[in-house]
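Order as written gives the chain letters A, B, C and D; numbering starts at 1 within each chain.
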Amino acid sequence: MPNFYNRIQGRSLERLAALSDGIFAVAMTLLVLDLHIPSAAQVHSEGQLLAALGAQGPQWIAYGMSFLTLGIFWAGQQTQLSHIGEGARDLTWIHLGFLFSITLLPFSTRLLAEFIVYRLALGAYWLNILAPGAMLYWSWAYASHANLIKSDTPPEIRGSICHRILIAQSLYAAGAALCFINTWVSIAAIVLVQLNYAIAPRLWRRRRS
Amino acid sequence: MPNFYNRIQGRSLERLAALSDGIFAVAMTLLVLDLHIPSAAQVHSEGQLLAALGAQGPQWIAYGMSFLTLGIFWAGQQTQLSHIGEGARDLTWIHLGFLFSITLLPFSTRLLAEFIVYRLALGAYWLNILAPGAMLYWSWAYASHANLIKSDTPPEIRGSICHRILIAQSLYAAGAALCFINTWVSIAAIVLVQLNYAIAPRLWRRRRS
Amino acid sequence: MPNFYNRIQGRSLERLAALSDGIFAVAMTLLVLDLHIPSAAQVHSEGQLLAALGAQGPQWIAYGMSFLTLGIFWAGQQTQLSHIGEGARDLTWIHLGFLFSITLLPFSTRLLAEFIVYRLALGAYWLNILAPGAMLYWSWAYASHANLIKSDTPPEIRGSICHRILIAQSLYAAGAALCFINTWVSIAAIVLVQLNYAIAPRLWRRRRS
Amino acid sequence: MPNFYNRIQGRSLERLAALSDGIFAVAMTLLVLDLHIPSAAQVHSEGQLLAALGAQGPQWIAYGMSFLTLGIFWAGQQTQLSHIGEGARDLTWIHLGFLFSITLLPFSTRLLAEFIVYRLALGAYWLNILAPGAMLYWSWAYASHANLIKSDTPPEIRGSICHRILIAQSLYAAGAALCFINTWVSIAAIVLVQLNYAIAPRLWRRRRS
């Protein structure tokens, strides 16, 4: 009977997509709660306000990077789910694990913004990029193995999704490893990899066409 | 006329599912707001940062357990709703009661994280597992009684849902009762029961097949 | 051209429903953020923890009442939208006004919880019940006038929705007026009216059948 | 292969709409978290409570203006998406940029509420109206260029959307420029422009018909 129940549970991919959209929406919006406005007691002129805002540089960098991270994982999960034709209990729990790592991102972001020169904070942030990537890899591997993928999905997509995750995660790991030189270099490298996935392919295509 | 109005109200199962997904998404993401980052004033080295993060152990345990709780109840509600073919005003209010208990979980979690050695905090947390379970039991019993269940639902599912809730809640109650020995033992038992519902059945199936 | 643009804007009732579900979900979950856990510095025994939680009585009453308020308005808006067949720009803005008043409810709730014996706080809370009710009345009146209601909606529903809002709001106003005796009496009266709409009709039906 | 992957990614306009609704819902509801209730320690009578609430004038103005801003951009994005028949990877990222600027609005609002007489705060708020407008302009221009617009969209709509954004943004820019006279004049002008888009066209139509 437990096995029977497991088969009927978690079939609804629509509700999984709706829960995911909700969690990404809240996580994206919560990030901004950590952008504190300057204290009115310490600001007595337009110049002081500008200086106080400028001093928030690290927070803004961490905030922008985290929005990029969330956007990339949201788009990645959506691509996967659009090729999966049937839900399954185990797939639901793999995606709940994925969403768990997503809800941790506002914490990692705050940690990085507050301790931006500490390798430990950068390492924690990198783990928070690695974990959702690993869950998405597992999700696709599981869906392939359990025959949940839509039959009209071309073979080149089936292979490219896991391949693409491996390449992206290798680049993120290389970027994170640069923190042994300097955490700012590492952050710059990670943001460049992210921008590559979000923007640059568009530029490449333009050059080619 | 009130009865007539009651019949037309609350039919939309889709909007009930959307409200539920939204509440679960916010509750899952709000949990992390209680994971406070260490104060920068007290951290002067990588080692101190690691120690400060390590000292947050109870918060992380409470956080992880609550995400599991939310995931289990989300999956459970989804399974029920996927077998209910028609909404009804009373069913809507039973589910609003269910969602009310879900919105309380971030509070119980914070209480438990702050007072993790107090039996009272553990008891409050257990009540917050019992209440949504009881509402889901009531929801299925009501839907069965009012003939709202889809006609193609096999008889073995009709019975297994209430049965399964009773077994799970008995295990949670037994786990919670262990707090009279020690609250940590109790928490470990509850988490084991949760992991059994989230992960272990998969292992069982693998062994069998 | 502005008129033309206005005709094409705001047609999507589905997205209006999704935005509404999101706002209700966030508002329902945010309420609990105002339930502060007792300070660990002031609690040294199980008994002190129980006493500290008990002292939060007013917050819990305000929280429960606000969840009821949100549930009632969510169900009411859903009923209306399920009978409206076509969106319109003006209808969208009436519902955005409705949602604006809904987003204010966490503020009114906090105000009432903090100043529960002040007539002003109770009056502000009552205004926050009156405003969404008035917007829903306007919404239905507008939809009737602009022929947006589904053609298969029976005539008795067309009339009963506005009628029902007027009766409910009269009862809330009478309850709020009791604050000139005592705010606690007033709160009890409002909660009784709310429970009547959420639960009691079910009891009535049982007695009749 | 990257180009191939880019083609299959981000097709789902439904999930983009769901993410947008979620972000708007959270942003609209988060605004109210900045409306702090008066401190109970400083309020000893109904009159003092009224005075304390009255002193929050700037916060309320900023809050109301931001809700209008969010409502206008939500309706504008919805109108665009309802005329776009097919998603595309680049369109998804343009809209993620749009949503990024939307998540910043609670920050700009807080900044303006706290520093309402500073031109810098008003300028930052205006940038937060300009940015989503620019992204929506880009979105429509891109969709037109890439042939993503539904074939049954009348030609007059195709042109009117970009035209309308340009006029609205010109009016906002003119309103913002008034801050060199006085920030209050500037805020009044921006709110009038917003009300024109939300309410006034209805009045115009009534006069004409």
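Brief remarks follow.
The rule is simple: contacts are C-beta pairs under 8 Å (C-beta built on N, C-alpha and C of every residue); 3 or more make two chains touch, one makes a residue touch a chain.
Treat the numbers as computed from the prediction; the structure is a model and nothing was measured.
The pairing of chain A with chain D is characterised as different-residue: of all residue numbers used at this interface, under half are used by both copies. The interface formed by C-D recurs in A-D: of the pairs listed in A-D, B-D or A-C, only this one shares over half of its residue-numbered contact pairs with it.
The distance from the centre of chain A to the centre of chain C, with each centre set as the mean of the Cα atoms, comes to 36 Å. Averaged Cα coordinates give chain A a centre that lies 25 Å from the centre of chain B.
Of all residues in chain A, those touching 2 or more other chains are 18, 21-22, 25-26, 30, listed in ascending order. Of all residues in chain B, those touching chain C in their complex are 1-6, 8-12, 15, 18-19, 21-23, 25-27, 30, 89-90, 92-93, 96, 99-100, 103-104, 106-107, 110-111, 114-115, 118-121, 124. The touching residues of chain D, counted against chain C in their complex, run 17-18, 21-22, 24-26, 28-33, 35, 37, 40, 43, 46, 49-50, 53, 67, 71, 74-76, 78-79, 82-83, 156-157, 160-161, 163-164, 198-199, 201-202, 204-205.
By the touch criterion stated above, chain A contacts chain C in their complex at residues 22, 25-26.
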